[in-house]
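Each in structure tokens, the structures are laid out below.
Below are two complexes that have subunit A in common, paired first with subunit B and then with subunit C.
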Partner chain A sequence: MRTRILVAISSIVLLASASAGAEPKPIAPDQFASLHKLIKPQPGESLFWQVPWLLSLDEALQKGAKEGKPILIWCGAGGAPHTVC
Partner chain B sequence: MSVFGDAEFVKKIKADFICVAVNQHHHRRRKDLEYDLFEKLVEQTGEKVSGYNQGLYFFTPSAELLSFSNTVSGEHAWKLLRRALDKFEPPKTLPAILKGHEDAGPLWKLPDGNQLVLVNSKVLGGYEKSDNSNRKIHQESLGRDHLYLSAEEIAALTANRFPDILKKRMPALLNDNTRGEPGRWRSSEIKQFDVKLEDGRITGQVHFENATRDRGYKAELLGFIEAKEGALTRFDIVVNGNYWGEGRFARNGPKGKFPFAVAFRLSDGTEPYDTPPPGVR
Partner chain C sequence: MVRNGEWVTITASGKTVAVTASGKTLGNLPGISEKHRLSALEKALETWEALPDADKKPTQLALGTPDPERPLYQPPSDALIVRVFNRQFEWQDKGKLRYTVEEDYAEGEGKRGWARFRESAQDTMWIPKNEWTAFIPKEPQEGQSFSPPATFTLRLFKYHLDPERGLGEGVTFRGAKLEDGELTLTVEKVTPAIVQLRLDGVARLSQGRPDDKQTRYDTALLGHITCDRKKGTITQFDMVVLGDVLNTPRRVRPGWHPLGIAFELVTEPTNAELVVPRGGRDNAERYLTMTR
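Entry: the complex of A and B
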């Protein structure tokens, strides 16, 4: 875990130093894989994706009634957690 | 930290709640039972259905409000959750819910022959340190969006040609959406989006800038595609450069120019957010 964090931090520093302020430089092919990986969700990040979100209120209310559980609605402008906001 | 980054909170809601993700943008436009239920829930908070119904809502299966707030901050969300559990009593009988006409329009499915691309974005530095919990959440957050590739676009890409229509659609995704909706680039603000595809390798230059020059993005693009039997097996792109400014609904960005990158990758159908959202670009 620590190694992964260090790699991520190093990559961020690398990216930031390469581009902040100055004109952006072409992305070196040998950096591509690490950059691509860095911008993806990291393991353990975005835990909300582990929740089995339903997309229908009707289905949720019926399931809640059947299982005797309350409902949590995460309401977003763009469909949290599936889209932008 | 966002409460959804709190492992204990996530464990709790998985165990004790039925969880629903609602896109208010589309739920408030539906013409079916889903709209009726949404309206019933929202009005119990003292609000009307509008474009500003974001938040966490806790309800009984009879659609009675237990607690609500427009927050994802940890402390506040835990209070809402505890209040909801304190007030909740499991129903003795199943509430009668009449299944009416279903407006399936917003529950869009990927057409045959299309492929879904997952898009993530990240601010890679430049924030001032903040003690404000919501700002901290935004400073660490990962932007996410989707790009559909149509069958025609896939055919062009597999023939080693970058389709013009994709050049028009992709700029909308090269935007700082890590703190909220950034506001789309207008066509007049697309100063440069030169993309070339040669032998499976995509290269390009990006320059977007608004008229007042207080919001823009200047970046380089590199990507790789691979295909098999007429379908893409790889669509990996990185766009990396300097962003400046912020949108009306994405305030508190870093000052000045800051490093900002966007990554594209094909969905393999295994991630929870592979669900194609409505209105996707």
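Entry: the complex of A and C
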């Protein structure tokens, strides 16, 4: 169902095709806004951005101890827990 | 503060773990699938519920020692923070784009991860003050055009037109050069209050030798930038990139497929939006100042 909804949303849009491997076709100014919106997360996607993450592990430990809550750590390559993959 | 800790294990592709403030591991949360992760999270919560209050609300914490080799790295003062969204598409009839579906992905990693790959992958781009101030001529005239700073263009080509975002930790076009594309800033509107510019151009990026496994991205760019002249700030940096990728990395989609990338200025960043961009992960200073 979700797939059908998203495909339906996308079908109202765009755009003259760029031939694969050919010179990139300029983006028409009147299609800018719709294309920008189409690329960005749609409702129900990328929900992890709504989490009020903390960047400091020490701050999280102190907050967790004070509020009596467990801590979820998401760490990525290059150092824990402050970096991205 | 980033510290060494016995209950945090780093892998190249990231890791999630649930812990107590007292330092007990409640559970590792595997990223194999949403189902596995939720199951592991439920078990971690069960473990949490069974703990004594002394573990749930410890009165003393062992915070350890900050690791001087890995300081918390913040965006430079006055740098623009721009959200970057990459999304794979497929062409349908009459040149329209559609979102991808399972059938668009190759066997193996493509089919296993398609539900994640079809969503937009995300990153941030930092644009330091010396670059964004160079976007605005001292005496702007409508129709005036010029090239953006080379450091900006290089950072964009190397790290932010990357078809591997969302697939893995690689950087597809790390070797990109200035001559791999052309970007032009054009002053479109000048008033006492604002200057509006258009950023457009093309990039033709490639990785490796030209064989049947080479990844390419031949793409067009169009952006809109607005400067508040009285405040001396950038109030809009929106850009769209659309072109075709040959051989999406990790072999999840062999052949040519469209990839769109959207850029959007962040005005009030959340903590998550302060995280170092992928391109600056290993050396943020170089990311900000690269000249080749």
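The rule we apply is simple: the second predicted complex is superposed on the first by the 55 of 85 C-alpha atoms of A that agree within 3 Å, B and C clash if a C-alpha of one lies under 4 Å from a C-alpha of the other, contacts with A are read in each partner's own complex, and residues count from 1 in each chain.
Criterion: a residue touches a chain if its C-beta (ideal position, glycine included) is under 8 Å from a C-beta of that chain, and two chains touch if they have at least 3 such contacts.
This one's a predicted model, so the numbers in the text were calculated from it and none came from an experiment.
J.: Just to be sure I read the superposition right, which of the two partners does A:Pro70 touch: subunit B = first, subunit C = second, or both, or neither?
T.: After superposing on A, A:Pro70 lies in contact with both subunit B and subunit C.
J.: I'd like to know which partner A:Glu45 touches here: subunit B for first, subunit C for second, both or neither.
T.: both
J.: On the A-aligned overlay, A:Pro26 touches which partner chain: subunit B = first, subunit C = second, or both, or neither?
T.: Both: A:Pro26 reaches subunit B and subunit C.
J.: Just to be sure I follow: which residues of subunit A are touched by subunit B in one complex and then by subunit C in the other one?
T.: 15-16, 18, 20-27, 29, 32, 35-36, 38-41, 45-46, 48-49, 51-58, 61-62, 64-85
J.: Can you tell me which positions in subunit B touch subunit A when the two form their complex?
T.: Touching subunit A from subunit B are residues 2, 4-7, 10, 13-14, 16-27, 33-34, 37-38, 41, 51, 53-63, 66, 81, 84-85, 88, 90-91, 94-95, 97, 99, 107, 120-122, 124-126, 142-146, 177, 180-181, 203, 218-222, 224, 236, 238, 240-242, 249, 256-259, 261-263, 265, 271-273, 275, 277-280.
J.: Considering the complex alone, what residue numbers of subunit A touch subunit B?
T.: 12, 15-16, 18-27, 29, 32, 35-36, 38-41, 45-85
J.: Could you list, by residue number, the parts of subunit C that touch subunit A in their complex?
T.: 1-3, 5, 8, 10-22, 26, 29, 44-45, 48, 53, 56-59, 61, 63, 70, 72-73, 85-87, 89, 91-92, 95-99, 101, 119-120, 122-123, 169, 200, 202-204, 216, 218-222, 224, 238, 240, 242-244, 246, 256, 258, 260-262, 264, 270-272, 274-278, 281-282
J.: With touch defined as at the start, can you tell me which subunit A residues reach subunit C in the complex?
T.: 3, 6-7, 9-11, 13-18, 20-27, 29, 32, 35-36, 38-41, 45-46, 48-49, 51-58, 61-62, 64-85
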